[in-house]
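Letters are used for the chains, namely A, B, C and D, taken in the order the chains are written, and counting of residues starts over at 1 for each.
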Amino acid sequence: MVEEDGFRRPLRVLVWGENKQDQEEEVRQVYPLTMHETIAAALRRLLGERARVETATLQEPEHGLPPARVAEIDVLLWWGHVAHNMIADEVVDRLQHRVQQGMGLIVLHSGHLSKIFRRLMGTNCHLRWREGGDREILWPVMPDHPILRGISRPIVLSRHEMYGEPFNVPAPESLLFISNFSGGEVIRSGMCWTRGQGRIFYFSPGHETHPVYHHPAIQRVLANAVQWCAPRCPPVTLEESPQCPEGWFEQDAD
Amino acid sequence: MVEEDGFRRPLRVLVWGENKQDQEEEVRQVYPLTMHETIAAALRRLLGERARVETATLQEPEHGLPPARVAEIDVLLWWGHVAHNMIADEVVDRLQHRVQQGMGLIVLHSGHLSKIFRRLMGTNCHLRWREGGDREILWPVMPDHPILRGISRPIVLSRHEMYGEPFNVPAPESLLFISNFSGGEVIRSGMCWTRGQGRIFYFSPGHETHPVYHHPAIQRVLANAVQWCAPRCPPVTLEESPQCPEGWFEQDAD
Amino acid sequence: MVEEDGFRRPLRVLVWGENKQDQEEEVRQVYPLTMHETIAAALRRLLGERARVETATLQEPEHGLPPARVAEIDVLLWWGHVAHNMIADEVVDRLQHRVQQGMGLIVLHSGHLSKIFRRLMGTNCHLRWREGGDREILWPVMPDHPILRGISRPIVLSRHEMYGEPFNVPAPESLLFISNFSGGEVIRSGMCWTRGQGRIFYFSPGHETHPVYHHPAIQRVLANAVQWCAPRCPPVTLEESPQCPEGWFEQDAD
Amino acid sequence: MVEEDGFRRPLRVLVWGENKQDQEEEVRQVYPLTMHETIAAALRRLLGERARVETATLQEPEHGLPPARVAEIDVLLWWGHVAHNMIADEVVDRLQHRVQQGMGLIVLHSGHLSKIFRRLMGTNCHLRWREGGDREILWPVMPDHPILRGISRPIVLSRHEMYGEPFNVPAPESLLFISNFSGGEVIRSGMCWTRGQGRIFYFSPGHETHPVYHHPAIQRVLANAVQWCAPRCPPVTLEESPQCPEGWFEQDAD
């Protein structure tokens, strides 16, 4: 819920899906509804009246992200993989601007190479990877962080794609999860940053051929993250660099 | 000095100047040599054989930053103000890529709104400002940081442009200086970040009509910063996301 | 409010006062009720049913901090100045332990030299100071942080004691306020750290002879800080180092 | 090397060993010279004339750490396990004070529960553990950090004690290594903090029955860490809180 003008309204959440591999047979067997609809359904169930959850996809006009809609998003979840370069730069500009104003952004799995994530990080965001039979265990490093609420134990994914260090992102403000892969690698699998007023959470699980988004603990983390990433107050970050006459901060005191 | 292939070579330093206001009469009286040449001369004097210092300007082909030259820069200093938008995006791409590989970047004063700085920060980098008669005092917050070597006291600028908070940048990894303005404002005036292997230092002094770059303590900070921002080792940051077969880290062990 | 066992209960807040200078005539004129009672009254008014606010002082048995009471504190505010060394080490141990478990701690003004704050910081916490006629202006650096909710402008204290950098504390996790003093100094005047599950906020205003705690914006910051410092979840931080047999995390899975 | 009074002198390094388990048969087979002498020999070999390396043990008067000696240490390495409580508090005070002044401190393995480390962290520093047959792989997270110079690959320890998250320490300023254990756990195995002017490095490898300190890459990390932790400049951190008359920073300008 967001407090605004004295009353509380549900969070406006948008789950964005690239929606390409979702159409492949191998993925449809795991996610008959597509990944974004699976995530959206989980959020609706877990957040109930606290959120109004919608979805959008690459194939819609302006990728389902026209200005009027973007202006109203409180928290955006982003899953993309094979079509990062198809995202129009002006849509990326729009999203980056909204993050400055306070829109929360949750970047999932292969979204680490998305344009919007690389824009906000300032790095190339590369990492090591291997598709295979690794068991991944996600260990809570900050067990009392709001995003880990209700997650009292490590999360075990019996099979998942390996994503490994070094992961070229700026040092996070909070490191929430570290993953152990049975093949021997590790990755910082849950990390938080702030850009302007916007809170960003990167969460590495979610390969398209594994049923990760059906896992109750993964769903719980996403629902917690939506609430943590939600805007705290109306936009106050400077949109321009104002010229301030001497004593301005006293002259217009309330 | 940089150690490379078993021997030490001087740091390759480039001072980049926008070189537009430098041609105005008011600025020429303060900086007859231009700002970038004034800074370069100070660095040559303070660093001696430890560095080979060159300059480049907006007016040169590719802004003096062709690929072969950028590939050889160890530390780049950047002063720009009124022509940020004239910088070609492909040159910004080139600089950003070099920072990932380890090139140091020192962003000066109004360079806070430069394309390269905003790219690396992921924010709009706005702040408050006022041209006028403020006295600025820069207070060391981490007095033992290498960039403050030899700076045992606050740096007093008897007149300087005011730059004030909130300054919309990601929280720095190290906060070195905080400034007090006689008009009542403050700013985080010296901050460090890392992006990939590259070290970034933002230093707020340097308005074009005040003799800031003639001040011995300011010159000392810049010379220290050049040494601190220098690459530590050959590029090791991932340029792509490599696929790693199981056990790769043991198979090719030395 | 704290959620516990499925229902919400008010936050248990304790304002601790050294209560020595509060008895001096000069201070009584500013704070007829004492400083701690003034702060407590403000919190009761601003937090209403969300908190149950009590006070304790140095002069009570065990300084008003016996084990059973400490075990029930959600957020402790601490004002001390001339009697830091009179605090029993075992009481400090008790407070430090509760912070690990999640108790919030708000350290006020001269409490920067208190035993509990130095324990949690690991440094000597010294800074520069001057009693005099300085005007202090506190600038919000993270204007959207929950502790700054409702604080849209700099806070002006027309006269206050100067506290200046360098302030020997570990780099904060969040820097909320920077102060400008008319005498020329600056200080990081609002900072946050985490120790174990406990959130710590240091807030520098509050010299005993100035009416700082009557200022509406200062009271608002304190009320916000109480809510931000409140425990997020039951204690989960390790109290001992457990020996874990192989596979333990799978065997007792829910 | 340290620059001092215009000339360079070797770093004064002290390797402190608890020297109790070192006398047990099982440990003597792995470390015939004791652990601290093994580490000291490696540092002498790797650092050569850049350092003068000595050792001290618990059994010496004042644990080998009398005031005059402590005053001269540039970097202290600490290995302790079963006798943390035998360290006199006044020696811990002495070490903590020297860290404020700039002494580097490298805490090894089970030293995570030493008095000096807990003092500097402000937390209880607990973690999970298991003695057994785990393979530990240490992954570089910041591959260009000076402490990782020459470490281009993950470090594989074929058998080592498991130390696992959550590790109750304050969030590090730099996270250098993350370990993967074959049993499934992870730990942040190399971390840096600053307290006052002192640099602190915690490095988790080093169980007494495994030949960890004979491993070339582990020795290289320790030698790098000694150089990174070395004091940068003479002590400038405030030892007391000085009263500063108005304008003091201008009156005594050089």
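Assume a contact is a pair of C-beta atoms (placed from the backbone, for glycine too) under 8 Å apart; a residue touches a chain by one contact, two chains touch by 3 or more.
Composition by chain, UniProt nomenclature: A, B, C, D = ThuA-like domain-containing protein.
Just so we're clear, the structure is a prediction, and the values are computed from it rather than from any experiment.
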item	value
For subunit A and subunit B, chains touching each	C, D
Whole-Å gap between the CA centroids of subunit B and subunit D	33
Inter-chain centre distance, subunit B versus subunit C - centres from mean C-alpha coordinates, in Å	37
Sequence positions of subunit C contacting 2 or more other chains	137, 143, 154, 164, 166, 171, 173, 184-185, 237, 249-250
Graph class of chain-chain contacts, one of line, ring, star, complete, other	complete
Touching residues (chain side subunit D, partner subunit B) in the complex	102, 137, 143-146, 149, 152-154, 156, 173, 197, 231-233, 236-237, 249-250, 253-254
Residue ranges of subunit B touching subunit A (in the complex, touch as defined)	96-97, 100, 113, 119-124, 126-130, 132, 162, 164, 166, 168, 170-171, 173, 183-185, 193-196, 237-247, 249-250
Interfacial residue positions of subunit C with respect to subunit B in the complex	135, 137, 139-143, 154, 164-167, 171, 174-175, 178-182, 184-186, 188
